[in-house]
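Below: a set of structures, written as structure tokens.
First chain A sits with chain B, and in the next complex the same chain sits with chain C.
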Partner chain A sequence: MPTSTTAAGSNSDLVTRLNSPDAEVQLKALRELKNRIIGNRTKKLSFVKLGLVPAVAAILASKAQAQAQAQAQPQPDHDSNLLVQSAAVLGSFACGFDAGARAVLDAGACPNLFLLLSHPDDKVVDAGARSLRMIYQSNMAPKCDFLQDKNMEFLLSLLNSDNENVTGLGASIVIHSCETTAEKKALCHAGVLKKLISLLEGSPSQRDNSLESLATIMKSNVEAVSEFVGCESGRALSSVIELTKDRYPRTRFLASMCLIAVRNTSSCYLQDIGIKTKLVHLLLELHEDPGQVGDEAPFAFSSLISHKVDLQKLALEANAIDKLYNHLQKNRLNPKRFQGILLALADLCSKLESCRSRFLSLQALNLVSEALTHDSSDVRTAACICLRCVSRSIKNLCAGNFMNEMIVPPLVRLLDDPSTSVQVAALCAVGNIIVDFTTDRSLFLQCGGVKQLVQLSKSMDSTLRLNALWALRNLMCLADYMCKLGTFMELTASSLASLICDPEPFVQEQALALIRNLVDGCMESVELVFAEDDIILDAVGRQLQCVSRDEIWIQGLYVLSNVASGNEFHKEAVMHQLVPQADNGAQSFILKFLQSNESQLRIAAVWTIINLTFPSSPSACSRFVKLHNAGIVSQVKSMVNDPCPDVKLRVRTALGQFTTLNDGAT
Partner chain B sequence: MSFFLSSTIDQAYHQLAQIEAELKAAMAGSKKIITREEWEKKLNDVKIKKEDMNKLVMNFLVTEGYVDAAEKFRKESGTEPDIDLATITDRMAVKKAVQCGNVEDAIEKVNDLNPEILDTNPQLFFHLQQQRLIELIRNGKVEEALEFAQEELAPRGEENQSFLEELERTVALLAFEDVSNCPVGELLDISQRLKTASEVNAAILTSQSHEKDPKLPSLLKMLIWAQNQLDEKAHYPRINDLSTARLEDPNV
Partner chain C sequence: MPVRAADTSAPPQHHSGSNSGHTSPPPFTLLSVGQGFSGTQNVSGLQKDEAWRVNVRIQGCDLEHGYLCGTMEALNVPMADTPVVTFWEGEIVDTKNYTFFTEKWEATQDDDIRHWTKFPSFAALLNQVEVDGGKSLDLSNYPYIFMRWKEQYFVNVGTDCGLTIAGFYYVCFSCSDGSINGFYYDPNSSPFQKLELKSTNEGRLGFSFSSYELR
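Let's look at the complex of A and B:
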């Protein structure tokens, strides 16, 4: 194409001119380059590829170092211009473009840009500070280690500057680098928090920077929050509250972020209904903003209401579900906003049935179903998370409102998604939806759901294995025998046995829980654990002896308990696991469970004993004798006044059966 | 300026609320009549500082970019502008360049002023590039226009669906013989330039931590609103002509 040849021609010419010995030529080339890349990602990328960044960084380096050596002696005008233009070019490469920021950092430009901050010419200082700010707004920038004294001093010198761009840079560095509690504490001790509070009185941009930095430092940092709240007897806090009424949406947004950080970190502040309601309304209103604020508002809203039923109630009263749904209906939502709104709806529906029913009454499920096939993996993940929260509604699960053509086929397809986070989210949603109490699961089976789940249960990724087993566990819950058999055939006994011994404990737990549900119910299903020479039952027995985790023991014991509810053969197999044949003095492991501090474990253990000694079964008596000889009967008897009422109740049932068996024996 | 006006919007609200409260108390189902004398007495009771009025005028001159007038006003009234007057000159040069159709020049000027403005404001950047395309089409440079659209604007359209639609609308100009009568002809209108120019102006002001709209027009809007509210409750000397701010006798 002729256009591309001319473009390439002028581009390589640009390289030559940047490397020219003539400062005038360099200056013109820099300005031209700047005007071509600003606002234009495509150009930035192609010039990064052409290797222009190091050439620009070289101009900056030579002039900045010459200036530093001259120590504040005025330099020729064109040198200042070269500094300004080269800094602007580098800043623009880094602005909103990670590959560009990477290239600028690789070219070693940062130290030289920092030199510009002490230049006598304000224009140069501005250019250097702006450029560094762009770099520090990118994830690529290195973290500043505040725990080193000289870095902290430098940061304070930036924040104390009279130049607005320089204080802005200081704030950007805080926002970018501050992560650990130790760093946050160090910042407070060094007086950064106080300085930032004083910047709240500054210009609009200083105020915004200060709000964002304060929110960063106070997040999960109790000490900073109490210093902030106590500052000048609450004046800082009230001025932030006042800023939630500011005329600029960005300022209102950042002020609310700050207040959310205070609330979420220390539950003793900002608890009155007035401020809670105000934050809910403000954030919902900020969703209207067409720009960045509107994109970020749903995420802030989520952090406000997440895990807090009181705020979820307030949000429902403020019509939050309807409002979010209206936004969701708009065409061409950008992916970030789409994702945010879905996640906000998910949080709203995570606990309250009233929210879920409002959500479902709006037919919002249609939009979520569409989002399952969105181009962006973040949106697909968010749609799954939303579906998962809404499908916690038992009422709607019972009505089979999720097991339909609109939801199940696209959801099952996501189990095969290229992105792991989508797969995990889809598995969680599937896990809820297939807990279907009334209608049958045939649609899910027809879509090949079981095959997918089984495949994922063998994934290399342990999170996928965990969630796949979880879903299968829920699928097996109260399922009919044909469904169980089909799933079991797909899974195979040997791979179930190896999942019981998975390297990850949480996978082991789910595998055992799955088997527990599998063998619950009819006699035929109990038979399944005896496939391939009892491979599953043996694995369960081994886990109960070797592993030491209550969660795993509980699930393992319920497997035994369910098997023990079967026929004589089944009961004897469980006995075989419990009371070792060879009398080598080894104690039965069930004694340890009966003596455990975990009441759930004691219940499971007593249930197993109850099922083994059910008086009407033929060999109950001989099993009772064996249990007696192993010291198990006396242990159960000693538990007659167990502190846990549930355990006590089961122990009494067992003791009743023991008496019957004793009477029969004598 | 003799009309009811206060230096800050908050104060205006406050005073309005007071008047409203008084009216409510006085009202017994029918509209109250307030004579010119009473009204003027009330107005005279409202104390407005001359400096505040001056600030309002300065704010208007600065925001609208009347740099010479602002300079004169500063000397005459001693009111300090809240922004360096030199930056107004730069801003006006940008605005003027767009108004004259020299968009490329305007872009370079903005980038010299502050490279962040166009780098962090994709919509404004797109509108400037779109304006550049419009100017090329206006000047009959079809080849150049197509190349520019493909090279500079098409990638922005890929990044943003609404940009793509605007781009399509603009390129459609090329399809018509008589552009002045075509459905997208308004893009060639001078008002399109003014729209783009005011968008740039606002962005520069925001980047200078300055409000993008002058305060005066919103105060006038508030005056109209306040009068409309009062109309339901009282007959009073009204301002009908904002340019003279003359109090009209109530016609009862």
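Let's look at the complex of A and C:
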């Protein structure tokens, strides 16, 4: 048949032919459509928009339902061909293209594709299973609830099929749908794990499907791991280890995923240095793969080494940082691979200073800095996470390795990113980078960093508030007075007072820690908590009396203790908070902290008393008398043998001061 | 300033068998992040005819890994126009991460013993340290913390400033009064340069504490 010279003409012609009453015309149209869309996302999208998916689904529906009604009687050949071709076209629309998968699902094709699995013609069964597999590889596909018996029976019937495509579909459904521990356990109890293990002996495709499903079921499922490891005296485990040497990269990759799931779930298995080293080398080698395996390898590598110092050391010895850096240098990395490599580098540098040193010596920061302005928000987030992990090093922070033009301006810009996850990741990186006690932090201020942090500390999103305050708290640590004053003016006393009483306890804690740092250092900085009629100090006092969380109390007490290290006026203001003025029998809340089981609370409380009775301050004696009358002095005296050495020694300091004050009074 | 003698404190406990009982020293607020110390370093050894004023500030502390770091500022250094600031990293002798034996930085075990014995508070430990570097001692309740501080880089001057940071300090922190004593060791510098520091409160009438947390 002659084709039209214009694309539009050709497309509308396709719609007409798909709706033709003539089966031969429909068949030709389906074949043509299939050939046009294979591997071409642009074409897929334009045909989805033209409404071709419902037209194809309608062909499938009419023939599949006719077949079901005929109760497995053989149908004419052209009907089978229409089923095969319509299923293939729908699968192709869904393959690797979420909008296509969505259109196929919206056209109601899935139930009809499932009908094909019981077709007498093997070719139709194959086509149905292949198409469904492609749909189940998309996140758009519906989840299968394995806790329902009929679904589990259906899944087992798929896995027990002799047809390779049908068992593959079963595996795809497991990979797509299995999420909760309850589902994973149900699959094990129903015998799915055993069935998947037996499929390891099957064809290359069954083996790959089995490996991926096994990794899914065993992830965070101790029961499944122990069943797998114990199966046939470890034969299943041995065969998966053997598959890490397979000639197909995908099989080697999936076998390593399976072993990572075993190791991460039950740390007692695969502790042998040989297998750990092998996994590190294998995954680094798989980064070379130009396709999907290479895109996924960095994520698998991350899950292998994340939070595990032993594996991070092995990776460093295997030159992982250099190798990942070399990949990062390649031009036109696709966003997924770029993101994965940045996250893998982040994990590598998360704990070991030796890894960070190697990373910095390669000038890898330049590439991370470039990634901060990448189009993909996932890449920008990963770059921030990488920066955050590399900057967990006081040695490098104090050397000014991060507070520079290459890092700070683009990072500060990300605080205003449209994506919240980028903003949170940027806040965490900023929180580290501003912990730089030796160099000037003015670059951060000049870039508008403080303004941005203050603005985010007032966000409606509590995660942003928390992380912004955390960064401000770190910024205020050992900062000079001018930096503190500027930040305080931007924040305002009333905002700080309301953040102390934020609905989120973690925000309260960071707000108090910020104020604790604000009033440390020179004497002038103490004055800041007296702005707006002592609104901050009163809020701190209220939190110490009513909240019940050690972390909040510790920071609040250090605010009082730091203020109490100031002049007479400051000390008296703290006394006003500590010792109830009205003689109504109320106890001072500091007694509760001196008696706490938490040694950090006791030490903060003792420092407060030491500061209030500091002998060279003129009114120390009168405060001592008030503390004595409130029962606080006798409480401190009773702590002379406190189990915490720091508390014990500081109680002795306090007692020494009490003696001096007593002697002075008599 | 003199270091309080160790004879009033209980002798340290010995571990028996494995090292599994080793615990990190408990946190001491006077040795926490932000704390400042000031004093002198006698750079002429025994003659004591030249001393530099020195300020130290703790910038990081990780007791679990026996790690401490900070900055050291030398104020009246001859030939230097400004105070010279260096960044140092410290190893805490907790017998878990580090023992009394340095085993690097050109320090032999004899050098170690010769320097540690300069601290009166070390006397109670000497016998055991001679046997195994102190590996079997439990120092978690000892009222002194022994450390080595190694300067890593100059913060505010170039390496061509004519000064050296090739050596390292043997350091003893007194948990009770927060004082720090140290001896600089560098085979190419005058021996036993003494560092004497006291906890400072920077013009305040009391003690104040900051904190930060890396993410």
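Throughout what follows, the second predicted complex is superposed on the first by the 658 of 666 C-alpha atoms of A that agree within 3 Å, B and C clash if a C-alpha of one lies under 4 Å from a C-alpha of the other, contacts with A are read in each partner's own complex, and residues count from 1 in each chain.
Everything below uses one rule, namely that a contact is a pair of C-beta atoms (placed from the backbone, for glycine too) under 8 Å apart; a residue touches a chain by one contact, two chains touch by 3 or more.
Just so we're clear, the structure is a prediction, and the values are computed from it rather than from any experiment.
Considered on the superposed chain A, chain B and chain C are sterically compatible, since they fit side by side. Using the contact criterion defined above for the overlaid structures, shared-chain residue A:G91 touches chain B, although it does not reach chain C.
Of the two partner chains placed by the overlay, neither chain B nor chain C lies in contact with A:V579.
Of the two partner chains, neither chain B nor chain C is touched by A:I241.
In the superposition on chain A, contact of A:R332 is made with chain B only, not with chain C.
Legend: residue contacts after superposition of the two complexes on their common chain; A:R473 is shown touching chain C, with no touch to chain B.
Contact with chain B, but none with chain C, is seen for A:S205 once the two complexes are overlaid on the shared chain.
When the shared chain is aligned, chain C comes close enough to touch A:D520, but chain B does not. Put simply, the three-chain overlay gives an angle of 110° at chain A, taking C-alpha centres for chain B and chain C and rounding to the nearest 10.
Of the two partner chains, neither chain B nor chain C is touched by A:L491. Chain A is touched at more residues by one of its partners, and among chain B and chain C that partner is C.
Across the superposed structures, the minimum distance from chain B to chain C, using CA atoms, reads 36 Å. The residues of chain A shared by its contacts with chain B and with chain C come to none at all. Within the complex formed with chain A, the residues of chain B that make contact are 107-108, 111, 114-116, 118-122, 125, 129, 147, 150-152, 155-156, 159, 161-162, 209, 211. Residues 26-29, 33-34, 57, 59-60, 69, 71, 85, 87, 89, 141, 143, 152-153, 155-156, 175-176, 201-215 of chain C are the ones that touch chain A when the two sit in their complex. For chain A in complex with chain C, the touching residues are 388, 391-392, 394-395, 398-399, 428-429, 431-432, 435, 437-438, 470, 473-474, 476-478, 513, 516-517, 519-523, 558, 561-562, 564-567, 571, 603, 607, 610-612, 614, 616-617, 644-646, 649-650, 652. By the touch criterion given at the top, residues 3, 7, 31, 34-35, 38-42, 88, 91-92, 95-96, 130, 134, 164, 203-205, 247, 332 of chain A touch chain B in their complex.
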